[in-house]
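Should a chain be cited, it is by its letter among A, B and C, assigned in written order, with residues numbered from 1 in that chain.
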């Protein structure tokens, strides 16, 4: 199934509109190209409705949000919903400020997201109305662990039911859940947390996977998570002496560039609960 | 001639003001430094007039445009024209939305550009008032090929005459034309299309080439295209197993960093029609 | 002492709020992660007060400033001062335009900065009310050299006394001074000037060093300068044939990633005057 998800991305070159932060936007564009998609960025309210109309999906990432880009998020999101496009929310820093929390909550109230993807602190903030987000990184106390896994799987399913969106919680253990099923994924490397924007990159790539696999959205979202994690493993194995987080960033995107469906299928480490 | 164009960039360190998108701006800055130029970025209307005044050229790129940056493009462009500075337009996504098309057309109406550089779909949009741009990438149906080359050379010359600007159309085959002469350039690699912003980078670098060679602008623009394409070839030849588009991006800029006039002259593949 | 400064960063993971330009922001984020800090970016006036409140320090960089981000700089800066957070100013391009000069001067008038870090032309502009900044790079005529070193050390101390901030002037020879003492630092490589944003990166990293070492701010600022310069030396020594400024950028950040206190202490080249 993951093989087919990946192959479909490469076959169909999904065009993804990204309203995303300026910190990691270049890597988001390059990973979208690496996986076989095509990126376009636009955050001017007067531009986004037309731009999103020619795309297959919209990735809304609230990092470095501002009043203009928030207006663009709503306008583009409404249009994407009207056209039945795939719509993903990455609530960067929800819990770290009122503006971020309120924007994420407001977007969820008004728009129908196919997927909400964030770290556990961000997702808890959206689920509970408050959180303990430490900046843009997850609070260690929130982490999904083998010990609390059953409980966290229930939480993910329950929040998916409540929100009506697939919920992707990424961290040391990744969860991708709808109300009935949850992929528990163990790909990836802890060193990925030392690169800015691996989450943002995943959100962009996941949107491409959704566009290319509209009839298997849960599998598509899980396949994207496995693809990112596996690329993290492959990229890490190619690091040479003295190379650190900056080169590692390139090697992960490079690994996505060379990823094919078979490699993904064989390297994916997951169970379904 | 191309040798002299490149040497002049390295000798004179042209200062280039860029009003450009936030997706690829870092690579634009680094390639400008790599070729021997010096970049400065500013897009606040209150800042751009003074900033462009101390530069030799202005590179206007409409990707991720917004109302503020559009105002800055006009203000800086007018000032650059007054001072006789080199002025380049990169109409990213013209044809993909009304705002982008209208901004590019409006800028062309009000300002005198030395060069307009884009992909074929963007340039067709500007020439014909409509286009079939697929996002920010050229439509395959528009491509310049060996079969339609004569026709496309005529198109480029004709649009140059009409617009009063040198026209640079980049793709598998690149065309750089004024009303009388057209460089047909065959440097480059198809894999460059899998890196975000190779076009944006070229526009920045081309502006530096123009500033350093004001008396040979057509040759300067063509030399910049050959430099980018040749760097793409050299960078590709240096890729190691497992490296993909992210590392390739670095290797292209690295190849520009080491490019000298002799290497460019010898590696340039072009004919003049 | 530098060893302890570096170790303290790694031990405490200082969270640094950056209001910084969109050209080099990704590298700023990655170098902050590389040195052991944690970055967050926000420049919306409605967001910055809360965001800076959860951080330990604020890095204000005026490159690609605009009216909105200037408002955010004042709002966040005031809050950082109220909370006793570390506050750093990077006056990118002061001297190149009135808006940049006035913004830097205005921020210095209203806020108490722990450190002001810039190139010599920018710092002279702030000290003298005018400068000869050539874009965002220092004017060669301004450079700190062995010949004018005594005079420049006096200048740095004097400006520190006048401004009430530690003054860090970076270039071929780096000076880090308070009113009584000046570190004269000779780490680094001239090729670092061919990478966009090494100064911006240093400002981000320096803020993390300050947060982690509030009782030794002069030493912390000097340690950050040595760390950047030493990483430049290590990164340069790892460059392979054909690699240029783009890969060099990654290798510097990679070298910071692997830097430990012992390496920094042993590799730092400085004298105290």
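Everything that follows uses one rule, which is that a contact is a pair of C-beta atoms (placed from the backbone, for glycine too) under 8 Å apart; a residue touches a chain by one contact, two chains touch by 3 or more.
Since the model is a prediction, treat every value here as computed from it, not as a measurement.
Peer 1: Viewed as a graph of touching chains, is the assembly arranged as a line, ring, star, complete set, or other?
Peer 2: complete
Peer 1: Considering chain B as a copy of chain C, what rotation angle in degrees (nearest 5) results from a C-alpha superposition of the former onto the latter?
Peer 2: 120
Peer 1: Interface check for copies chain A and chain B. Shared numbers divided by all numbers used: above half gives same, below half gives different; which is it?
Peer 2: Result for this pair: different.
Peer 1: With chain centres defined as C-alpha means, what is the inter-centre distance between chain A and chain B in Å?
Peer 2: That pair's centroid distance is 33 Å.
Peer 1: Of all the residues in chain C, which ones touch at least 2 other chains?
Peer 2: Those would be 22, 26-27, 249-250.
Peer 1: Applying the document's contact rule, which stretches of chain B touch chain C when the two form their complex?
Peer 2: 15, 22, 25-27, 29-30, 33-34, 38-44, 46-47, 50-51, 54-55, 68, 234, 238, 249-258
Peer 1: How about chain A: which of its residues touch chain C in the complex?
Peer 2: Residue list for chain A touching chain C: 21-24, 26-27, 63-67, 93, 96-100, 134-137, 194-197, 242-247, 249-250.
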